[in-house]
C-alpha cells in the first residue's frame, strides 16, 4: 500500500463511485431536474475516469518546460476538454426540455409525463 | 535562516490558521448571518496572508498571487452581502434570534 | 420503493462487473504508443508548448470542428425551445452593491478570459475555458441587472464569423499544405512566445469567440424567457 | 519549506475544508449551504495554490485564479436566485 | 513526501465528492442539491489538478462553477421545487 | 470624450493586471497586452476604476494610503476577534441589525464603505437603501447601539470623504 498506489486508485474509485451514484439517481429519482443533476454527476465521473486513464503518478503536466522530462498522456485530457463543454450544452438542453415537458404535463414529476411514453 | 524565510513561514502558517478558523466558524455558528461573519472575514484575511506568504517563498510568483488576493478582497464581501440580503428577504431562511431588527421595521414602513 | 430496490440492484451488478474488469490492473509504468509519440514529437510538429492544446487544435482539429458544430446545434435547440416556454414575471432588481460590482468587474474578467484564450498554447487554457470565462463576464452583467438585453445582432455575427474563421483556416491548410487544418501554413516560430505554433492561436481565438457567443446566447435567451418586471 | 511545516499546512487547510464541507452537507437551510460553499471554494483556492507551489510550476496558478473568480460568480448566482433575481 | 500528501488530498477529496454526490440526490430541497452539485464540480477541478491535467481543471472550474449552476437554477425557477 | 480620463486609468490598471498575469516582459506579450487592455477599457467605458487622475493630488493620495492602512488594521482586528470567538466552548452571541445614516454622494464610495464594513470587526452590511445602511452585529455594543454604529460607519465614511470630494 504505497502512497503512489493509493494516489492512483483513489482517483479511479472516485470516478467509478460518481458514475454509479449518478446512474442510481437517474434510475430512482422522480423530479426531472434531480435526474438532470444525477446525469451531471455521472458526466463528471466519466470525465474523471477518462483523465485517470492517461494518468501516471509521479509525472508532470503535459506542458513542455526546461525542467520537465516525463509527462502524462495528453490525449485523454484533450478528449475530456471538449467533453466538458459538450456536457454543459447537453445539460442546458436537458433542463430546457424538462421545463417544456413539465409545462405540458403540469408537473415536474416524471410519473406524470405520460405523453412521453411510447 | 534569513528574515524573509521566517516571515514567509509565519505568514503562511497564520493564513492557514485563519482558513481553519473560518471552517470552524462556519461549522459552529448557529445562524446564517453569524456563519457569514466567520466565512467572510477569516477567509479573506487568511487567503491574503497565505498567498503572500507563498509569494515570499517564490518571489517571482508574487504579482500573480497578489492578483488572486486582490480579486478575493474585491469579490468576497459582495457575494457575502448578496447572500445576506437574500437570507433576510426570504421569510423561511431568516434567523429568529435577532435582538434588534431595523431592516424589518423599515420594510414595514414602506408598505 | 420497488424502483429504489431495482435501481440499487442494477447499480450493484454494474459495480461488481466494473470491479472484476479492473481487478488485475496495475499501475502502468509507460504511456500508450499514441501518447508517447505526442509527448515526444509534439513540440516539433506543432510548435505548441502545451501539448493538450496541440492535440485539441492541431492533431485532432477536425474532431474539434465537429464538437463546435455539436455545441452550435445544442445552443440553437435551447434557444428554439425557449421560445415555446411562456414568459415569466421577471426578476427583482439587485441591491446597489451587486449592480455596481457587476458594472465594474466585467472588463477585468474579459481581459482574463482573453489571456486564457491567447495563451492556450503556452499555459493551461485555450479556446474552451477562455470562452467560458468571457461568457461568465456576460453572466455577471446579467446577474447585476433586471432588464432584458436588446436584440443581439452583434452576438450572432460574432458567432458566425468565428465559425467561418475556423472553416476558412481549415481550407487554407488544405490548399496550401494538402491537409485540412494543417497547422504549419504559418511558421512555427520559437516555442514559448505568443506568435508561434502556426495557426493554433488563431484557431483558439475562433473557438473562444464561438464558445463565448454560444453560452452568452443561451444566457440572454434565458433572460428573455424570464420576462421583465 | 520543511516537510513538517508542509504537513501542518495540509492539516490546517484540509481540516477547515472538511468542517465547511460538513456544514455544506448538514446545513439545515439553503443559505447555510451557500455560505459553506463560499467558504469551501475560498479554502480550496488556497489549496490549489499550495499544490501549484509543491509542483513548482507557476502556470498552474491560472487554475486558482479562474477558480476564485468563477466560484464568486456561482455563489452570487445562488444569492441572486434566492433573492428572486434569476426568474 | 509530496506523493503521500497528494495521496491524502486525493483520498479526502474523493470521499467528500462521493458523500456530496449521495447527499445531492437525497437532500430534500432542490436548491440545496444544486448547491451541492456545484461543490462536486469544483472538487472535481481539484482532482483534475492533482491528476496533472491543468487544462481540464481550468475548464471544469470555468464551466462547473457558474455556468451549469445558473442553468439549473433557472430551470428550478421555471419548474418549481419538489412536491 | 468626457470619459477619457477614466478609460486611460482603466487601461493602465488592466495593463498592470495583464503584466502580473503573464509574468513576462517579452515584447510580443506587452504589445498584445496594450491592445487588449485598451480595447477592454473602451468597450466597458472605463468602468473598472473611474477617473484615477483625481487621486494624484498629494492630499488625496495620502488620504487613500491612510484609508488602506486603517482598513488593514481594522481587518486584522476583525480576524483576531473571529479567531477568539469561534474557539470558545460557547460562542458569545447578541446579534442585531441596526440602521444608520450614510451621507456619501458617490456610488463607488458607498460600495467601498459597505465592503469595508463587511470585512471589519463584528459587522456585515445587509442592505443599502438611499442614505441608509443596515449593519448586522454579531455582538451588539454596550450603550446606545445606534450611536456606536454611527461612529463606526463614520470612521470609514469620513476618511473616504476626503478622497471622493
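Here the chain labels run A, B, C, D, E and F in written order, and each chain numbers its own residues starting at 1.
FYI, contacts are C-beta pairs under 8 Å (C-beta built on N, C-alpha and C of every residue); 3 or more make two chains touch, one makes a residue touch a chain.
Because the structure is predicted, anything quoted here is derived from the model rather than measured.
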| item | value |
| --- | --- |
| Any chain in contact with subunit C as well as subunit E | A, D |
| Any chain that touches subunit D and subunit A | C, E |
| Pair sharing more residue contacts (C-beta pairs) when B-C is set against A-C | A-C |
| Most remote chain, CA-based centroid, reference being subunit E | F |
| Centre-to-centre distance between subunit F and subunit E (centres being mean Cα positions), rounded to whole Å | 31 |
| CA centroid of subunit B to CA centroid of subunit F, Å | 14 |
| Distance from the mean Cα position of subunit F to that of subunit A, given in whole angstrom | 40 |
| Residue list for subunit A, restricted to those that touch at least two other chains | 4, 24, 57, 60-63, 65, 71-72, 77, 81, 84-85, 88, 92, 96, 99 |
| Multi-partner residues of subunit E (each touching 2 or more other chains) | 6, 34, 50, 53-59, 61-63, 66-67, 70-71, 74, 76-78 |
| Multi-chain contact sites of subunit B, meaning residues that touch two or more partners | 17, 21-22, 24, 36, 38, 40, 44, 46, 60-61, 64, 67, 71, 74-75, 78, 80-82, 85 |
| Partner subunit B, residues of subunit D touching it in the complex | 1, 5, 8-9, 12-13, 15-20, 22-23, 29-32, 34-36, 38-39, 42-43, 45-46, 49-50, 53, 58, 61, 64-65, 68-69, 72, 75-76, 78-84 |
| In the complex, subunit E residues that touch subunit C | 53-59, 61-63, 66-67, 70-71, 74, 77-78 |
| Touching residues on subunit E, where the partner in the complex is subunit D | 1-2, 5-6, 8-9, 12, 16, 19-20, 23, 29, 31-32, 34-36, 38-39, 42-43, 45-46, 49-50, 54, 57-58, 61-62, 65-66, 69-70, 73-74, 76-77 |
| Subunit A - residues contacting subunit E, complex | 3-4, 6-7, 10-11, 13-14, 17-18, 21-22, 24-25, 29, 31-34, 36-38, 40-41, 44, 47-48, 51-52, 55, 57-63, 71-72, 77, 80-81, 84-85, 87-88, 91-92, 95-96, 98-99, 102, 108 |
| Partner subunit D, residues of subunit B touching it in the complex | 9, 12-13, 15-17, 19-24, 26-27, 32, 35-36, 38-40, 43-44, 46-47, 50-51, 54, 57-58, 60-61, 64-65, 67-68, 71-72, 75-76, 78-80, 82-83, 85-87, 89-90, 92-93 |
